[in-house]
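In the part that follows, the structures are each spelled out as structure tokens.
Across the two complexes that follow, subunit A remains constant while its partner is subunit B and subsequently subunit C.
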Partner chain A sequence: MEYILTTKQLSKYFYQKKALEKVDINIEKGKIYGILGPNGGGKSTLLKLAAGLLKPSGGEITIDNKNPGVYTKSIVSYLPETNYFYKWMRIKDALNFFNDLYVDFDMENAGKSIEFMKLEEKEKITSLSKGMLGRLKLSLALSRNAKLYLLDEPLNGIDPVSREKIITSILDVFNKKSTIIICSHLIYYIEKLLDYIFFLSEGQVILEGETENLRNERGISIDKLYQEVFQ
Partner chain B sequence: MEFNNCSPIYLQIIDSIKQDVVVGKLKTGQKMLSVRELAGKIKVNPNTIQRVYQELEREKITFTKRGMGTYLTDEEKIIKLLEEEISDKIIQEFINGMNKLGFSNDKIIGILQEYL
Partner chain C sequence: MITLLKYEIYRRWKWLVIRYAALIGLGIVFYNRATFSPMQYNIAAASMGKFFLVSLIVFAIIIVEGINMLKEDLFESSGYLTFTLPKSGRSILFAKNFLLFVQFFLWALVSIQFGTMFLKLLPLEEVSRYMAEIDLPVYPAILFVLTAFFNFVLMVQFSLTLTRTLLYRNKYSGIISVGIFFLLTYLIEKFYYGPFLYQVQRVYSEIGSGLEVNMLSAGYTSVFMNIVLSIIFFTATAYLLENKINV
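On to the complex of A and B.
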């Protein structure tokens, strides 16, 4: 099996507070993964470690067999939850910004994606609604030809129409060579996209498995399973 | 396509394709959508569709022409079997439901005759 990301006993502490504790996960190429769990469970911390924005306190994380660094950043497209744009930017500037920053950014695709998301290049980013901003961030993240996409809460605060557009875009970018990891607690909407899930709670993986097998064995949806596990 | 997330999605898609074959919505011998096309159309993971097509091929409902894609069988025998499989399933579900309500098989026959 070829893994694009593996962690061994990966831990992260913020002073006394543990965010991740001895997490072992293996992520195969060509699949869509869901990392699911309540707020504060460690989902975002795990993605930030994979994106190379945080350093592990213990254990190891490798992407394409390398520790996070310049190379891994060049093959990983990370969609953060936060707003990272400058106030003066219009959508066009954000596109150029990404184009300058990443060699694998596909400007043509980005243009199409922006259009599909019903956004206009001349719009000021500060004037965008939350849904529009979410669509823009996703367009940018998915317009890179990355090997690994890390999507942190892509559907948070997104209206139903935007949600469908985002799901379509995620499916469009996904292929045999790419791998997608989605962190979310809005499981209902994304569970049909997921090959495999990890439930993360208090910094530890408390359940994992293939979604179709879990549905088959337990006769309930992943959403329902989540509610049972985390009630 | 709306899914019931409580059972495996690939099984639901298989059932829906079988249904379409039996009612003629999918024509025998016709080319099926590619894995990507179908995944995009019903918005599910392409790996799920891959599994659907593997299963359909295993049941000889579809076959692959190398480099050309997946085609629906034109063997009447298999279509006939499918028809039986689906009607069996509907009848089984109906009988189970009625039995659960406390109807005996004799009574079900009576009710059915009256209804029809």
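On to the complex of A and C.
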């Protein structure tokens, strides 16, 4: 079995506060994974560690058998929860920026995606609503031909109509050569996308399994299962 | 690296144009004022003084911007680090400091050009006598200012990066990095290295006293020290940016 991401006893502490503790996960190539859990569970921390934004306090994380660094950043497309664009940028500038700095960025695809998301290239990023910003971030992240996509709360602040657009975009970009990891609270919307799920709470994996198996074993949807687990 | 540099320039090109346009524009205004009343040396000297004041302000802005270029990446939500760019810490730091070098070079070029023009308006014998009294070795002094400038900026950048690496999202990071900077300055002084302020004071005192000190060897020694320190701070900062920092 080929893994794109593996962690061994991965821990992350911020001062005395535990964010992740001895997490062991293996992410196979060519699947869509969901990391689900309440706020402060460690989901974003895990993605940030994979993106190379945070450094582990203990244990190890490898992507394509390499520790996070310049190489892994070239094959990982990370969509952060926050607005990370420069204030001076227009959408067109952001497209050019990505095109110039990521070798795997597909400008043509990005143009189509921007159009699909009903965004105007001349618009200033500071004037975008939260939903529009979310759509822009996703368009850019998914327009890279990356081996691994890390999507941190891609549906946050997005209206229901746009959520469907986002789900469609994620499905469009997915192919058997790439892997997607999605962190989200909005289980109902992403449930149908996921092949495998990790439930993360207080920095630890408390439940994991194939989505289909979990549904069949428990006889309930993942959304309901989430509510049961974290009640 | 070129692309990173391109975006460093692109995001602040308006300010760069305004800054140098103001320096050149005010230089022309003061020079015209000085040439308007020939042989009135006090007017020429006053105009020259005003130009150097403007030049000094631009110099201070360049230094502050050089520090802020990295500070923004470290402490704000937008920057090369948050974009998870597949670029090494060395490339990111080099792009920022290369722009700083270009700015410094342009500033020096404009200031020296106007300085020479102003000097020609002053009584030549007196200027020559004054220059002879100072007896300042020109090349070590220029090299010293250049290397001390970079040493100072790199030392501040290192202090900021180290603080950000050690303390994640701490509201006192700014103050603590100032503390680290002064601690480094103190330690370097202790080992008889020439930190920026110390060297400026030294050059100033030697100019001021008019002593016939042969600064050649002392000047080149401090230049050498500054280069070594700059390499150390650059390498250490790039390493922290790439391998240790939590963004």
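One rule holds for everything that comes next: the second predicted complex is superposed on the first by the 231 of 231 C-alpha atoms of A that agree within 3 Å, B and C clash if a C-alpha of one lies under 4 Å from a C-alpha of the other, contacts with A are read in each partner's own complex, and residues count from 1 in each chain.
Keep this in mind: a contact is a pair of C-beta atoms (placed from the backbone, for glycine too) under 8 Å apart; a residue touches a chain by one contact, two chains touch by 3 or more.
Every value quoted in this text rests on a predicted model; they were computed, and no experiment measured them.
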Touching partner for A:I32 - first (subunit B), second (subunit C), both, neither: first
Touching partner for A:P160 - first (subunit B), second (subunit C), both, neither: neither
Partner chain(s) touched by A:N216 [first = subunit B, second = subunit C, both, neither]: first
Subunit B to subunit A touching residues, read off their complex: 3, 5-10, 39-40, 43-48, 51
Subunit B contact footprint on subunit A (complex, rising order): 30-32, 164, 167-168, 171-172, 174-175, 188, 191-195, 212-213, 215-216, 219-224
Contact footprint of subunit A on subunit C as seen in their complex: 3-4, 6-7, 11, 77-78, 81-88, 168-169, 242-247
Touching residues (chain side subunit A, partner subunit C) in the complex: 14-15, 48, 51-55, 69-71, 73-74, 76, 78, 80, 82-88, 97, 100-103
